[in-house]
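Pasting the structures in now, so scroll down.
Heads up, the next two complexes both have chain A, just with different partners, chain B and then chain C.
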Partner chain A sequence: MIEFDRVSLALGSFRLEEISLTIGRGDYYFIVGPSGAGKTVLLETIAGLHRPESGRVLLRDEEITTLPPEKRRVALVYQDYSLFPNMRVIDNVSYGLRVQGMRKKEARDEVVPLLERFGIAHLADRYPGTLSGGEQQRVSLARAIAVKPDILLLDEPLSALDPITQERFIGDLRRLHREDGLTIVQVSHSRREAHLLATRMAVIIDGYLVDEGKAGVVLNTPRSRDVATFVGIENILDGTVTANEDGHATVDAGGRTFEAMTDAAPGEEVSLCIRADDIILAVDGDRHSSARNTMAGTVVSVVENGPVAEVKVDAGVVLTAVLTRRSVRDLLLVAGTAVTLSIKATAIHVIRASS
Partner chain B sequence: MDMKTQTRSTDPLPADGEPVAATRWKRERKRYTDWCTLGFCILGGLLVGITVLALANITMAELADPAHLIKIATSSTVIESILLTFGAGASAVLLLIVFGTPLAYILARSRPSRFKGVVESIIDIPLILPHTVAGLLVYLLFMRRGWLGAPLSDIGLAFEDALPGTIVAMLFVASPFYINSMREGFEKVPVHLENVARTLGAGTFTMFRTVSLPLSLRHMYSGAILAWGRAIGEFAGVIMIAYYPFIISTLIYYSFTTDGIRASRSIAFTVILISFGVFYLLRRMTRHLGRYDDRV
Partner chain C sequence: MNGNPIVEGFIEAIRLIVSLDPQVVEITIRSLYVSLTATFFAALIALPLGALIYFYEFRGKHAVVSTLQTLYALPTVIVGLVMFLLLSNIGPFGFLRLLYTPGGMIVTQTVLIIPLLMGLTVSALSGIDRDKRYTITALGASRLQTIVTIIVESRFAVMSSVLLGFGRAISEVGTVMIIGGNIRGATRVLTTAIALNTSMANYSVSIALGIILLAVALGVNIALSLVQRR
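Here is the complex of A and B:
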């Protein structure tokens, strides 16, 4: 639907470098990256608010690189909601229809169902300054939807909301995506939001697009160590391949030997990515299992976090495992407990240093 | 025992009804003085005091002979001059709104650059120049043989000793007040609001008309009032190009040099009263205009 073809642009001392990505119709596309990486600039470039220095932007195979924002049929929702403070809620929501030529009364009537849908009909005559954060966010979303955009652009829409309002808003966004079939592009630095909502995603670091693809693929099999760190892979170990037999490699990492699936040749430097929930702990010392990586270790710490617990185990190298609190209770895991740790070779994602 | 009973038992009421403990506390409490705030008030008060003293001085002198004051204040020369001054000032402000508002917006939204710095310095020139120099600049440009004066007089628009000359001199000296105020107003409008308006379908001018301008209205009012005040108070800048028709400052000067201090003082007092009244009314009228709750 929208395609960036080697787009570069400079904004003061910041640069976006040769960004290429494709957002398909109906995608829930996440742009993630650390603060200052250029996510919002990229979003604003999609909206047409910045003109690229080089490269092309295509919408439905038609070049729109210099097309002004008002002609792109995109709607933008900022993190700070950006409601017009001098207009009532109903005038904020009907603003887009009015500037597109609809009469005031007609535009107001048109948006009433939208106000009801987002549960803000009772706020119609209020000014934004008198609304809570969650209410402002819903007004902002209703205003964007009112113009029936082809693409909805969201700039960290959840970051300023309390957890309960966040959950409600995530529900609103899911409905918009699934029931209305809207294409949504969301900027976020939250991995959790990406897990919950994204169908595809791009990772941007320091103005460079470092990974792009299906959300599950980017989150579970990142292309680089930086991406792995950013998407929150709990265990990343740097090592060297010592042997490889038909893609079944042996890697020395952190003073231990691991077996993993990769085409990396012996002598090649790699990073091993192990999700914390792919690590299995046992306390009876039984080392017989199908898992190719089994090692003895000692629990260093147990930190409970909601229904799960994060268990750090020193097995020559410190690894983090995530268990249910019930498992921690059943296994009587405390600091100092001797455990056996198992990881399947296929559960280890190998990033080659050369990639 | 509830609190009420307890209070009654420990703080017996004296004859005037105030509890004994409360009066003792009031007597014994230590009063802390904020010397800094007090110092600021004294220093600021001295400044205000000079203006008050000057006003009191002229008021006392004028009220001593109300008949003379009324005679001067109701003379057609003074009334016409005041109307002319206010009208010329308003015309200058209107021109500033038309030409200065777009300039202020461009300055507010452009990135810092050497060129921008030069333009800003040019705008501020009337602030730093002696008014006679400002008047000379206007005269040289708009006199009958001036770069702009010559072609404009060819089409019948004369500036020397004419109302257009007064307006253009006022415009020149008042422009930084309006432009700087407006620019500050536009700078305070979050760019995000404009971006959102654009993506919702507003073209640049529609966005400016519906978002940027309404949110800067207060700055427009205060800038216009400041510029108008500056314009109607101009003397040196105006007399260089348009000694006639008499604006109020020229009339006071003329009266001072020909009729003496008494006549000029009465005109001045009349102007003070009218200006104070007009500015007070304008401030009152615009008090609620352009205000909005910006807690968003």
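Here is the complex of A and C:
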């Protein structure tokens, strides 16, 4: 639907360098990256608010690189809601229709069903300053949807909301994506939001696109160590391949030997990425398992976080596992407990230093 | 009455105000007329210019805004002197015969508060942040519609700056003294009348006019806080 073909642009001292990506119709596309990486600039470039100095932007195979924002049929929602403080809620929501030439009464009538859908109909005559953050965000979203955009652009829409409101708003966004089939592009620095919402995603670091693809693939099999760190792989171990037999490699990393699936040749430097929930812990010296990596260790710490617990185990190298709190209770895990730790060879994602 | 002249002055001042003393009323009306007219014309010129500075990017924009902010504190006697030279018979605008007329005072006060109104307009419009501007554009507004929306959304802040401009105009004495000449029945306004009557030890009239001037300033402040609260 929208395609960036080697797009570069400069904004002051900041640069976006040769960004190429494709956002398909109906995608829930996440642009993630650390602060200052250029995520918002990229989002605003999709909206037409910055003109690339080189490269092309295509919409449905038509070049729109220089098309002004008002002709792109996109709507933008910022994290601070950007509502008009001196307009009532209903006038805020109908603003986009008014500037497109619709009469005031007609525009107001048009957006009433939208207000009802977002549960803000009772706030229609209120001013934004009198609303809560969650209510303002829903007004802002309704205003964006009112213009029936082809693409909805969201700039960290959840970051200013409290956790309960965030959950409700995630539900709103899911419904918008599923029921309306809307193409949504969301900027975020939250891996959790990406896990919950994204179908595809791009990772931007320092103005460069460093990974792009299906959300599950980027999140679980990142292309580089930087991406692995950013997408929150809990265990990243640098090591060297010591043997490889038909893609079944042995790797020395962090003072231990691991078995993993990779084409990397002996002598090659690699990083092993192990998700915390791919590590299985057992007590009572139970070492019988089909997992290729089994090692004895001692629990260093147990930190409970909601329904799960993060357990750090020293097995020569310190690894982090995530278990349910129930498992932690059943296994009586506390600091000092002796455990056996198992990881399947296929659960280890190998990043080759040369990639 | 042999009491304290200040206390007597206050009592007499109240009497002059309550009895609508013709001289006090005439001076008050002229003050309001000159300063309100000057504020109107200054707003007519300064608001669009301020908006232009805000909306258009050009080389030296920052310097222009800094200069305007510096001119907030421009001494009124300097403006009076420059305008006197321009409007006097030897000046380029002498043919307009505006010196020692309310018209000349209006022109001078207009010149005095234009930088203030321009600078405050730029500040008022800057209250609409970048994200809001981008949101307006992305919602489909043309450049003109974006500008209109930003101005409408900033209207209370802009109104505050106009009220501040009026406050500066009505309370200043330098330009109206030099350009108007403080001529009785012709160019005498609240501030110049207070200066003259005080020098003549005519305290009651001075105090009466001072109370009125304070009441006007208070009125402006109340209006300002009402607007800002909005």
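Operating definition for what follows: the second predicted complex is superposed on the first by the 355 of 355 C-alpha atoms of A that agree within 3 Å, B and C clash if a C-alpha of one lies under 4 Å from a C-alpha of the other, contacts with A are read in each partner's own complex, and residues count from 1 in each chain.
What we mean here is this: a contact is a pair of C-beta atoms (placed from the backbone, for glycine too) under 8 Å apart; a residue touches a chain by one contact, two chains touch by 3 or more.
Bear in mind the structure is a predicted one, so any value in this text is a computation, not a measurement.
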Overlay on chain A: chain C relative to chain B, clash or fit: clash
Partner chain in contact with A:V99 - chain B first, chain C second, else both or neither: both
Touch count on chain A, higher of chain B and chain C: B
Chain B versus chain C as contact partner of A:E193, first or second or both or neither: neither
Which superposed partner A:E234 touches (first chain B, second chain C, both, neither): neither
Which of chain B and chain C A:E212 touches, first, second, both or neither: neither
First, second, both or neither for A:D27, with chain B first and chain C second: neither
Partner chain in contact with A:E3 - chain B first, chain C second, else both or neither: neither
First (chain B), second (chain C), both or neither touched by A:D91: neither
Residues on chain A lying within both footprints (that of chain B and that of chain C): 44, 47-49, 69-70, 72, 74-78, 80, 82, 84-86, 95-96, 99-100, 143-144, 147, 153
Chain C to chain A touching residues, read off their complex: 129, 131-132, 134-142, 145, 149, 152-153, 155-156, 230
Residue ranges of chain A touching chain B (in the complex, touch as defined): 12, 44, 47-49, 68-70, 72, 74-78, 80-86, 95-96, 99-100, 127-131, 136, 143-144, 147, 149, 153
Interfacial residue positions of chain B with respect to chain A in the complex: 111, 190, 192-193, 195-204, 206-207, 210-211, 214-215, 292-296
Chain C-touching residues of chain A, taken from the complex the two chains share: 44, 47-49, 69-70, 72, 74-78, 80, 82, 84-87, 95-96, 99-100, 143-144, 147, 153, 155
